[in-house]
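Both of the next two complexes hold subunit A, though its partner changes from subunit B to subunit C.
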Partner chain A sequence: MPGATLSPWTMSYFSAACLFLVIGQGMMAAGYGYPAADVHAPVTLAVVHILAIGWLGLLMVGALLQFVPVLVAAPLRGRRLALPALGFLILGLLLLVGGFAALAGVEGMSPGLLPFGGLLLVTGFGLVTIMIAATLFAARPLPLPARFIAVGLGALVATILVGAIFTLVLSGAVTHDAAIALVLDAVPLHAALGLAGWLSFTAIGVSYRLLPMFMLAPDEPRATSRAVWWTGAAALALVIACVTAIALGGAAVKWALALAALFAVFAVVLYSTDLVLLFRARRRKSVELNIRASYAAFAALFFAAVLFALPTTRSAAGEGAAAIVYLFVFGWLTGLGLAQLYKIVPFLTWLEYYGPVLGRAAVPRVQDLVEEKRAGVWLCLYYGAVAAATLSLFTDSPAVFRIALVAQFGATVGLIVELVRARALSMVAPPMRYPAGAPSSISFFRSLDHRSNQ
Partner chain B sequence: MSEATNEAVRDAIRDALRTIIDPEIGQNIVDLGLIYEVAVDDCGIAQVTMTTTTKGCPASEYLKEAVRNCVWYVPGVEYAEVRLTYEPAWTPEMMSA
Partner chain C sequence: MTPASETLTPQTLVPRELDVRPILRSGGEPFRAIMEAVNGLKPGQAFRLFAPFRPQPLFKVMEGRGFAHEAQEIEGGDWEVLFTPRQTGAPVEASADADDLSVWSDPVEHLDLTELDPPEPMVRILAAAERLRPGDVLFALLSREPIFLFPELAKRGHQWAGNFDETRTTFRMFVRVGTPKA
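Coming up: the complex of A and B.
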């Protein structure tokens, strides 16, 4: 059966990602990084990369290893690279953070760690790119969701290469004018490529496939969906062109960046239209918590785009439009990530544990592995805290921001505990929890596929 | 087996398959419209043509194996063959419940 695979290492990526999310948010709640420090301060950069690479990056890679084969109905190429890639990424991130710590004045660390971290991250993401790109290449012509991922991979490569140059400059290993110009002028573009290009564009593509699946809605590509791809891809191409111009000794062309921003906002508006149409066309009238929570994330994306598009709110958002970036990272990307983890972890757990005995014994539904009411409370607290934190950044209220961060951190930990409980089958009623013939145990770090991984 | 007997076995197979749920949607695979065809010949050989909601879904092989196991134990079935197809592709309109 083509494509019928259960990615053995996806759960490992998810576990590591959740750990980094807790560490990153815990550091923020403890007062590390912006707004207590400058946006460009090394401690802020450390927190940002723990969240962007450790949490969002690993989460996205883990999800892609599982879902790209579903999107293209073909097996993952080079699947043996998944574990080494995870090792490179984690080690690379730790070295990168160590390098930032050195820049912040922490004793025992050296800025020389930065390029080594960059090298390992390039290697890790390079392996991931090889796996995903080879799978996509072999499955041409690609369906629309997969084409989003292809563009997202391009943005990932650009992000990582620019980031690697940054590490060389910040460590003092390279003093070339063009490289220094990149550090001075291209940091926002590096962030845009990573957060909007790699993470958001890929997430949008996957959502075009997953949402119809979860809501039982028609999934034929719409003209608006194609327009999202074209405008988003055009925006990313313009950003990459500006980065190239800076690297070649020129400067980013302002009108090109303004046009890219316009395209990006237009793509978000079109995407929001698609989301509303999908929701209205669903056959599953009572949607599950992961869908409701995902739509809260979509709302955050829409509001972030609107706030970014309006000059008054963009200038009121603080240094580097911090309030809008916060809403984008925690409302949209992290909110969507947590919402989908709440579906994917029980689903993979169900497949591993109950798949082998399906048809031979009574088994629970995937929904029976979770307790939506309790998780719903955590998700409400999470989104409420994100909204409060965003507002506090707009109003420059550090005390409120800190309280909101603590609440957000608590909600995140609560949700992760719910994921652990689902993985441990602790919510399944005893008569069906351990049917005869099911595996004797289940790992928190690796999936066991009793059929398709053979 | 007579035609009436075959019909009864086919009905029994469909009833048995209602015990199998699609893990994601939580409904049985018959009412979801995932069972395209059930045929039983005079020798008791049952042939089931089925699909899954998503091509390439990691649950596909488990569902196919579950259907084969389930059909095998229906009285009157001597042998069970299950074919997975995506022609036509499943759509939500195929649901009967």
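Coming up: the complex of A and C.
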């Protein structure tokens, strides 16, 4: 039967993701990682992976488990794998971070943890890939947003496999020349596949469905949207070809990478025009905070692409274009993630708690579960801090960077507190908060679908 | 379980019939009656019209709504026209227990929810279903497929059937109120 039910473990993924975001940003605010340490230093790698896997990865997986069935109007396949996958991912990440800590000289840790972490992460993301891919496969022909997710999954698989090879080399378990060549040459490609391929491409796909829904705009795919898919997929294919070339003992072809970068920037420009057109075509005149905050994230994506495309700004961005990567990760991916969480968490909570009594009792509206003014202040502070931190990386002023990081950390914690309050229904006026017939409790770690008959 | 959308084909639906000859004989205007009948068609249902002349202008109107026509002269110089929905429209989806749509009564309530933000259409439909009596049918227009509504309707014992119109901009659905379960 068509229709989507609540994904029971999405809230667990979100809770874990928020925890890792606080840990990751807390470590940065405390001075761990770049720019105090080298971009390739183990401590930087630990922070990067806490954020990339712990925060962004779990957030994306949790969102996909809930929204892929909505995108293709078919039930999720293998839903029993969701919880084991979460366990593998968290444990794998902790082992990976332990291995990096050993490389950084922390006593009591061993680099031998790295391949075990890699193995668990391959298993966890493998299970996720099986669930999503099987759901998509059963729902062919795929609508455009789902085709973005299919490509994103391909990028995820490539990212994780390359990462697993890295763990084998860094732990000393493998000394094969090709594997060593990958560690020497393919780290930026691993990052590009993960951040731009898996996370961004998937987020773009989901946004093509969610934005029209929230803004009441037409969601017929445009020619530009299809062009975003083609150019983005071509860019990813080129990057994967270069990784394969390195693994086969060759070298990444310079022109292929330049072409991939050109395609990627072009895709971002096309996507930006789509976003502007969508916003103009919306029937809903005053948009909610989550949309306004998402557009700030889109602006960050656009600026990151422009700064990356210009040779002068790219060379001024520091080691490994760190300032641009920072803007990409915190302005675009994290900003969009926080903005969407601010919509998704209240909505899922509302559906879980009030769904069973809709039409039978007076219930609050979804927007009654949140207090937009307060969250708006936190989001403004957040984006302001990201902008300041990015600028400070360009101008090489570590003191400003630390202050901006502390502000960014504070804003993140403030927003997460808002999410917890929404989930706890604490902003709902008491007479409507607990209508008769509604579920007796609500959990932060699991959604109970009181509506399903199973 | 076989998805209901595969078993629920237009062939299982008896065409709706309207004879406008009496209206015309009494000097009335049949267009309104025709449009009401057409608006009340179940997804995928055909429409048979009896008229004292070949209703040429109507062909164009129905064409625009995605119906093909087949006209034949019957005895007495009258005409019988069968309008069948083109297969190009989105397939009809329905709840697992929605068996024979042709026995569903005509909608007693029409809701235009196309301008409402989700999840408000869901709230309105569930509230309307609470008001109506078992067996009553309501018709609703939405701007998108109410994915989260379907399981809630099923849980409450209501049947539904719906699909997108030809332009894929409006989702039309019928909900038949069931006997309360939970």
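By definition in this document, the second predicted complex is superposed on the first by the 451 of 454 C-alpha atoms of A that agree within 3 Å, B and C clash if a C-alpha of one lies under 4 Å from a C-alpha of the other, contacts with A are read in each partner's own complex, and residues count from 1 in each chain.
By our rule, contacts are C-beta pairs under 8 Å (C-beta built on N, C-alpha and C of every residue); 3 or more make two chains touch, one makes a residue touch a chain.
These figures come from a predicted structure and were not determined experimentally.
Superposition of the two structures on subunit A shows subunit C clashing with subunit B. In the superposed model, A:Ser15 lies in contact with neither subunit B nor subunit C. Of the two partner chains placed by superposition, only subunit B is touched by A:Gln66; subunit C is not. In the superposition on chain A, contact of A:Leu351 is made with both subunit B and subunit C. When the two complexes are superposed on chain A, the residues of subunit A that touch both subunit B and subunit C are 1-5, 69-70, 73, 213-214, 216, 218, 283-284, 347, 350-351, 355-356, 358-360, 363, 365-366, 449, 451-452.
Those residues of subunit A whose C-beta lies close enough to touch subunit C in the complex are 1-5, 69-70, 73, 213-214, 216, 218-220, 283-284, 347, 350-351, 355-356, 358-360, 363, 365-366, 449, 451-453.
By the touch criterion given at the top, residues 19-21, 23-26, 53-70, 84, 91-92, 95 of subunit B touch subunit A in their complex.
Within the complex formed with subunit A, the subunit C residues making contact are 1, 3-5, 93, 95-96, 115, 117-120, 122-123, 125-130, 143-145, 147-152, 154-155, 168-169, 182. For subunit A in complex with subunit B, the touching residues are 1-6, 66, 69-74, 213-214, 216-218, 283-284, 347-348, 350-351, 354-356, 358-360, 362-363, 365-367, 449, 451-452.
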